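First chain A sits with chain B, and in the next complex the same chain sits with chain C.
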Partner chain A sequence: MESKNNWKAWLYLAPVIILLAVFTFFPIINTFYVSFLKNYDYMRGTSDGFTFDNYLLVLTPVLKSGPGTMFEEVMMTALPNTMLITIITVPLSIIISLLIAIGLNSIKALKKVFQTIFFLPYVTNAIAVGMVFSVIFDANTGIFNAIFNTPLHTWIAPAFGVQGSTVNYWSALFALSFYIIWHSLPYKILIFLGGLQNIDKQYYEAAQIDAAPKWKTTLKVTVPLLSPQILYTLITSFIGAFKEYNSVIGLFGSEGGKFDKTTGPSSMKTMVYFIYEQIGKNQVQYACAAAVFLFLIIMVFTVIQFRVSKKRVHY
Partner chain B sequence: MEDGYRDLQLVLRGSSRSVKSKEISSKVWKIIGLIVVYALLAFAALIVIFPFYWMIITSLKSGEEINRLVPTFFPEVIRWSNYSDAMAKLDFGTLLRNTLIVGIFSTLGTLITSILAAFAFSKLNFKGRDMMFSIFLGTMMIPGEMMVISNYISVSRLGLTSSGLTGIYIANIIPFMVSVFYIYLLRQNFKQIPDALYLAAKVDGKGDWTFLWKVMVPLAAPTLITILILKLMGAWNSYVWPNLVAQNQKEYYMMTNGLRNSFNVASDIDQYGVQMAATVVVTVPLLLVFIFFRKYIMKGVGRAGIKG
Partner chain C sequence: MEIVLKHLTKVFPGNPKKNIRDTTAVDNLNIKIKDGSLVGLLGPSGCGKSTTLYMIAGLKQPTDGEIWFGDEDVTNLAPEKRGIGLVFQNYALYPHMTVYDNVKFPLTNLNVVKNKTIQKVVDNNLIINLLENNLDEILNLIKSSLFKGKYSKSASARRIVFKYHVVTSLAEKIFKFGLQYSENPKELASSIVNKLKDENSQILDKFDKKGVRYNKKFEILDETGNPVKEKRHLTADEIDALVQETSRLVQINDYLERKPAELSGGQQQRVAIARALVKKPRVLLLDEPLSNLDARLRLQTREEIKRIQLNTGITTIFVTHDQEEAMSICDDIVVMSLGKEMQRNHPQEVYNNPNCLFVAKFLGTPPINVFPAHVEGTELFVGQDKLLANKALSGKKEVIVGIRPEGFIYNPKGEMEFDIKSIITQGRDMTILASHTSNPENQIKMIIDSSIQIPNGKVRFSIKSTKLFVFDKETEERIYLD
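Showing the complex of A and B:
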């Protein structure tokens, strides 16, 4: 039976293997390859041979330094932006969604209603709702300034009719982080709720007999038993935050924002933003070098997270 | 048993209160706790819902009303014309046509390739099956940007971005006719179908092909519906790839990049109403699909988090 099935199985797999070979496996190798080509012309497929210059130009000030260089764009703008987004949004969104999931798990009435509401951001379009947030955060007419009594504070774009940019970088980062967390809650709540429902009731009965207070039970029983789900969301949201792009486009438009230079980076361009911008400029080799760099960062951090968690995650 | 447990409590030394008062106070604390939980959940739900509410009411306001320093929480004069303006500005018909064509074909393609691959991985024995599956799953760890650049080079060099609408459709459909995640999802489902059924069909002289389409596929219908919905929503929401291949030509836009590119310039505030009407038009179909297919969507999305 085994040998008879062999060729048949490959026939069933053929469409997938062909498509993956062309659109997944080949591109991965090709991206590495192109990142080492000098003056690559992607329409003709020609280049001036191998070089490390793409990496040196994108990642170091060795070949070219000063404002407007790719080193500035990546290492002084895109990478710090991406890192800050990750550091702020990943822990906050995990903590908030964990609290909401624990809250949802402890109630009976209205549970379904709340669950549906909290899932809504997941099914919406990152770009469309980003545009809604840009209206909410508008300096002149935004509801955010009205509610929090911060009239004319510029969050993501200068007030209407004001010359030059008056947007504080940190205000923009706040608005963006707020939006990213808002948009990333549903998925995590869903994962945590699934995990909570699988926890054996015995643990809670044991805690009750020991007369452990509720917060202590949550901290010492629920959280450790949820550690596989926490690790999973940590890794996926970390990767997601490192690839943040749509939220920036939705909130700041396709220019990526324009901020007061004295307060931080002058735009909210992220690593992925830089990559797509280079494709638009026909500088594919730089896009490839940046993509390989991003890939390596994500891989290193993922491996570290797995290593650290090995001791702390209970399966 | 119950009585013995209570007696045990009574014996506890140093406790100045009786069991009864302790029970009452623990009940009071439980109610207070529940109120706090509901209050916090309601507050969080309010923050989640608010942008949707704001989107809808802003879409119905006039420019003058949006422009006021003290925002109104309900439009004084409802301006429906924002919607007709938004539809015209979006060129909604074109966006819908492009999105549906791309969405339907890439979804059909994904369903077919996933069914075939999931069948091979779940019911057929062949050399290298587990290794192949691991390699497939491994590709999910690699950031999509690594593939997007090269794929863009490929479709450009094939001339798909410069040969009219058909080329654009092909460029938007073919790379998205396969999804490792959906193969994984479907394989899990196929595995639950007992092997005895498969062997019985063999005894009856039914081939693999008939068995797959007559037995497996109908049994896996819920998962297939989940894939169908998530995939169609994916086409509706996709921005990066359609935007790359369209190369700023309006007639090639799909729903989401069409929306963003229609309102990209820092337009005057009068346009906010029209802009929000456009986002409502793009968002509401998604919400409707969610309301009708809530179970399928949440099941499919939640599946990813279960280990193993």
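Showing the complex of A and C:
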């Protein structure tokens, strides 16, 4: 029976497999391949043979060093930016969304209304939201400076009409993180809410009878029982944060920002930003080398997370 | 703790828009439960027994009425302040915690008032005592933990804890002395004992110098000579001692390190009881605790519950829809129907003397046989058969007669004639399926000693008067015969 009907299964899977093969598997393999080609011309598909120079140029100062080289762009700007964004936004967004989800789950009145409100950012375009945030964080007229009484503090771009006004890198990172976290909350809240609603109420009744305070019930009962969902969002948002790009364009425009060099990297360009930039400059082989590098980083992080989670996640 | 329910009522509000009426789950319930007794709330599903239990637990708020624990009104007290232990129907063990952590969890929230003690000295004295008197056995226990060429600390500790009722940290300390590796354990033990005695006298010296007084139990005393009290959380050792004690009581010592999912239903059930008992509650509440177990385990576990209840003497309320379960272990049962108490008494008494048709039908397997009957004068008839004459009967009316399956005696001159359909012999007894000649549709079950020969066809039986009950047809109340 099994072998007879096998072709049917393959037939049903065929559309997806063909699409994946053309648009995912082939590009992945081709990226590896191209990253080892010298002077690759993507229009003609020609190259000057194999080389490791692409990696050496992008990742090491061996062949070229000094300001303005690709090595500096990746290792001094794109990689630190990406790492900082990941380290800051992932844990914060998970903790905040978890708290909001727990809060939403414990109210009765207006629950649906609040759920909708919290889900709205998810259906808004990232670039559009970025533009709104750049208005909010505007040094001259931004509402953020008005609310927190920090007049003319520069978050994204230099203040208009102020001589020698520069942007502090950390201010820019704060604004960017604020935006990324806000924009990533709804999806996580949705996932956590789903998980919370699946937790048997009897666990809470048992905890209540055992006189456990609320915070302890949350920490010792809710969080462990939600750990599969937490692991899922942790891994997907880690990967998402490593691929951050839209938000930088949305907030800082197509230049990726211009910051005071003494305070940190001079722009908020990320790894993916660098990759797109190289494609735009017709240097696909460097883009591929950087993409393979990013792929490896993400893989290592994901494997580590799975390893660590084995002990802490309770299915 | 005596529990009194006064006019307890619970109404679940309906929804007039959707034309759902209010549901009265519990209706004016008045029950007094004696201290230290095991009481079963018995009834079909939907009769309000679980709702009653959850109101006693405080997880549901009564619509009306009062709940008293002893002379304390707990009606409006939060569940965590009532001092109850609750075993849920599906146990609700925390799946991510080990059995030990599950049982431990209630203790980590407790605040206790205890005498302030010089704990270190007490512990040292315990070790000294063990090493001086039980050295050989302890060595044997540790050596029996040999696994893959190594002595296991946790296994040794578990064994020492089990045998000598000490806390785990103390047992581990004994393991760490390394007696098992020593060539001459006796000598090592005596040197350890001396060291501990030195340590004790140093500690006590310090207290003496500070002018702190203490008694023979090393409890610190105040100026008037009374022990100083302190309010605090339980220490890790105290928690361990309680967990060990409780797990010994319900016999789960061997699975303390496992997760609930790795246990059988019966083991999970015992863990749930341990978690409810560990904080020494005033009242233990069990919500259908046996419904998730298979038939064999159910028998075993209900004995277990009875044993634990007897050992601890804790007032226990037990909810079940299984009358056999309730009858076998309860001191008293309360039969409920549609939120009302139908009858409350000792199980056997309720069985022997049901006060209404509902109770008579609900108790007993196979269920009681019900016959439509009529009274003429003082005589009772089922169909043409005259069953009996009694002065309590009078007039001319329709009634209902109930006869327990074991109430029939084979007698060719008996009062009632039956048409035998089939006979099923089950070892000691046999079950006879029959119908009365007046109503062939109504199937009758009789249980008779299997040694008696019953002919086929129409057979007459006489009825044991103690197994026959007469009920009013309208009210279904019992009509008591003289």
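Rule of thumb we're sticking to: the second predicted complex is superposed on the first by the 293 of 315 C-alpha atoms of A that agree within 3 Å, B and C clash if a C-alpha of one lies under 4 Å from a C-alpha of the other, contacts with A are read in each partner's own complex, and residues count from 1 in each chain.
In the analysis below, contacts are C-beta pairs under 8 Å (C-beta built on N, C-alpha and C of every residue); 3 or more make two chains touch, one makes a residue touch a chain.
Since we're looking at a predicted model, the values are computed, not measured.
By the touch criterion defined above, A:K261 lies against neither chain B nor chain C after alignment on the C-alpha atoms of chain A. Legend: residue contacts after superposition of the two complexes on their common chain; A:K281 is shown touching neither chain B nor chain C. Set against each other, chain B and chain C touch different numbers of residues in chain A, with B touching more. After overlaying the two complexes on the shared chain, residue contacts for A:D200 are found with chain C alone; chain B is out of touch. In the superposition on chain A, A:G253 makes contact with chain B only, not with chain C. Contact with chain C, but none with chain B, is seen for A:Q208 once the two complexes are overlaid on the shared chain. Touch criterion not met for A:K38: it reaches neither chain B nor chain C. When the two structures are aligned on the shared chain, A:I136 is found in touch with chain B, with no touch to chain C.
Contacts of A:I117 after superposition: chain B is touched, whereas chain C is not reached. If you check the complex, the residues on chain A that touch chain C are 200, 202-203, 205-213, 216, 220-221, 224-225, 227, 314.
Chain contact summary for the complex, chain C toward chain A: residues 57-59, 79-81, 84-86, 88, 90, 92, 94-97, 105-106, 108-110, 275, 279. Interface residues of chain A facing chain B in the complex, by the touch rule stated above, are 1-2, 5-6, 8-10, 12-13, 15-16, 19-20, 22-28, 30-31, 34, 42-43, 45, 96, 99-100, 103-104, 106-107, 110, 114, 116-129, 131-133, 135-136, 138, 140-143, 146, 151, 157, 160, 182, 185, 187, 190-191, 194-195, 214, 228-229, 232-233, 239, 242-243, 245-246, 249-250, 253-254, 272, 275-276, 279, 284, 287-288, 291-292, 294-295, 298, 302, 315.
Across the complex, chain A is touched by residues 33-34, 37-38, 40-41, 44-45, 47-49, 51-52, 54-55, 58, 66-71, 112-114, 116-117, 119-121, 124-127, 129, 132, 136, 139, 141-154, 156-157, 174-175, 177-178, 180, 183, 208, 233, 236-237, 239-240, 244, 255-257, 259-261, 263-264, 266, 268-269, 272, 275-276, 279, 282-283, 286-287, 289-290, 294, 297-298, 301-302, 304-307 of chain B.
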